[in-house]
Amino acid sequence: MGKIRLIVLDVLKPHTPSLIDLSSALSDIEGIEGVDSTVTEIDKSVETVKITLVGEDIDYEKIKGVIEKMAGSIHSVDKVSAGSILVKEASTPQDR
Amino acid sequence: MGKIRLIVLDVLKPHTPSLIDLSSALSDIEGIEGVDSTVTEIDKSVETVKITLVGEDIDYEKIKGVIEKMAGSIHSVDKVSAGSILVKEASTPQDR
Amino acid sequence: MGKIRLIVLDVLKPHTPSLIDLSSALSDIEGIEGVDSTVTEIDKSVETVKITLVGEDIDYEKIKGVIEKMAGSIHSVDKVSAGSILVKEASTPQDR
Amino acid sequence: MGKIRLIVLDVLKPHTPSLIDLSSALSDIEGIEGVDSTVTEIDKSVETVKITLVGEDIDYEKIKGVIEKMAGSIHSVDKVSAGSILVKEASTPQDR
Amino acid sequence: MGKIRLIVLDVLKPHTPSLIDLSSALSDIEGIEGVDSTVTEIDKSVETVKITLVGEDIDYEKIKGVIEKMAGSIHSVDKVSAGSILVKEASTPQDR
Amino acid sequence: MGKIRLIVLDVLKPHTPSLIDLSSALSDIEGIEGVDSTVTEIDKSVETVKITLVGEDIDYEKIKGVIEKMAGSIHSVDKVSAGSILVKEASTPQDR
Amino acid sequence: MGKIRLIVLDVLKPHTPSLIDLSSALSDIEGIEGVDSTVTEIDKSVETVKITLVGEDIDYEKIKGVIEKMAGSIHSVDKVSAGSILVKEASTPQDR
């Protein structure tokens, strides 16, 4: 099967463990080169985070495992890039 | 005939098989170098996905075969690029 | 006469032949290096397509011939670039 | 006198001669390297075209001569760049 | 654990010590290569500052220590990037 | 004193002498490398022009002299860049 | 202490001395490589100017001294960048 190069996740997590610890743990998974975690909403006890993961060969089950072990849950997978090159979404009039 | 270099598809699919499995399978097709799959709408049982495929020589029928085998259906072909170079759409006042 | 390097066309076409076949045929014309075809509107029986053609020496009559042979019609020529270099439209306050 | 490197013109022209013929003729003028002609408005018998001309040493009178010989008229000169380098308009709060 | 490469903080601080002194002190922390401090709101006695820290291996506790020693408090951690490369947040339709 | 590298002027001028002649004359001043003149408003007898001048060592008084000799007047100096490098205005939340 | 690489100031100044003289004087300060001065508001007797200063090692007190000697006053320090590299503010959903 073709390798996964990029995944964007919408994740709900408690404030503890911190975003820093979660990002660090995710970047440590085999096949991951880097992680961007951006907070999109903060509530009293939880925060919604958009997580962009980039790598040469990303294993979704391992990512899910780490997020759940750290008390988070994946709401949705919003973007996936696969193949020998990292393709960007082409802009179309349907986006505008 | 001139070779197809890029196709953008609007696809409706059930939540299973996952976007990750669909993207991986598409990127494995001969002539495809990479795939970006971006979710544009999520409903209870289905999701709408904008799929950008890039390659040296893309065979639309093979792509359609993989998407349908994985329970998806192509709503529309929104963009096609063909030729010896990958041409970008020029911006015009008609877009604005 | 100076050579034509880029043309943007507004084309109306039936759903068959497909956008993929039309793009491939256009990219095969002598003097064309690549083609981007972007769907701007879809109706029951026809679609409106913005076609950007790039090449070293584009012959408009050949393009028109291919489009009409494939049951399409050119509504308007929206942009033309000619000369020894490919000039981009300069932005002015009149555009804004 | 300093050499003219870029001119943007607002031109009114009949549909015939075509935009392709006008652009080709303009790009053929001595001192012109390339021309972008972008249609900004189409009426029944005339079209308004924004023409961007780039070159090492542009002679406005020759451009005007070609446009008028091809039945067009220059409404306004909207931008001029002159000198040994091609300067871009700097963005200021007054534009916003 | 994976190394932290970038952190964005939302910080509330009194006007003294100055933003210049705070930025300089933060950039002096081991593992930090540079700091951007941008004022987002100014009140009579306090200012809200968005602080972007970039480095090879950022220690959040040291940053927090310096900010608090200089009378500031961290309201929220808005973005974290971790791993062997500095990943940028991918744009998705959910942002728009 | 530090050398002036870029000036943006808001200039009011009659239609004659032309924008082409004014731009050419300005680009001919010692210390000027290039000039962009962009029309922001046209009235019956006058036009408002935003002029961006770039050079290694710009003398404002010479520019003012040329503009006034060609019947124009400087309304305001909207931007100045000085020093050994050409610095761009940094974006801040106050601009937005 | 970490070196200051960029400062953005909001400055109120009388029309005389001119923006050109102020920019030139600021760019002449030791440790400054370049200055962009952009007018954001003009009143009858004063103008508000956004000043971006870039350098290897900027001394705020010297800048303040020059601005005040030239009859200006600093309203606010809107951005500061410090460290061994010039960090750009990361974009976050909180900006939008």
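Chains: A, B, C, D, E, F and G, in written order; residue numbering restarts at 1 for each.
We adopt the following convention: contacts are C-beta pairs under 8 Å (C-beta built on N, C-alpha and C of every residue); 3 or more make two chains touch, one makes a residue touch a chain.
What you see is a predicted model, and the numbers here were worked out from it, not measured in a lab.
Checking A-G, B-D or C-D against D-F, more than half of the residue-numbered contact pairs recur only at C-D. Computed from the mean C-alpha positions, the centre of chain E lies at a distance of 22 Å from the centre of chain G. Between chain A and chain D, the centres computed from C-alpha atoms are 49 Å apart. Each of residues 38-39, 50, 78-79, 89, 92-93, 95 in chain G touches at least two other chains. If the chains shown are joined wherever they touch, the resulting network has some other arrangement, not a path, ring, star or complete graph. Residues 38-40, 50 of chain A are the ones touching chain G in the complex. On chain E, the positions that touch chain B within their shared complex are 92-93. Touching chain A in their complex are the following residues of chain E: 1-5, 7, 60, 76-96.
Those residues of chain B whose C-beta lies close enough to touch chain A in the complex are 6, 8, 10, 18-21, 23-28, 32-39, 42, 50, 52-54, 78-79, 89, 95.
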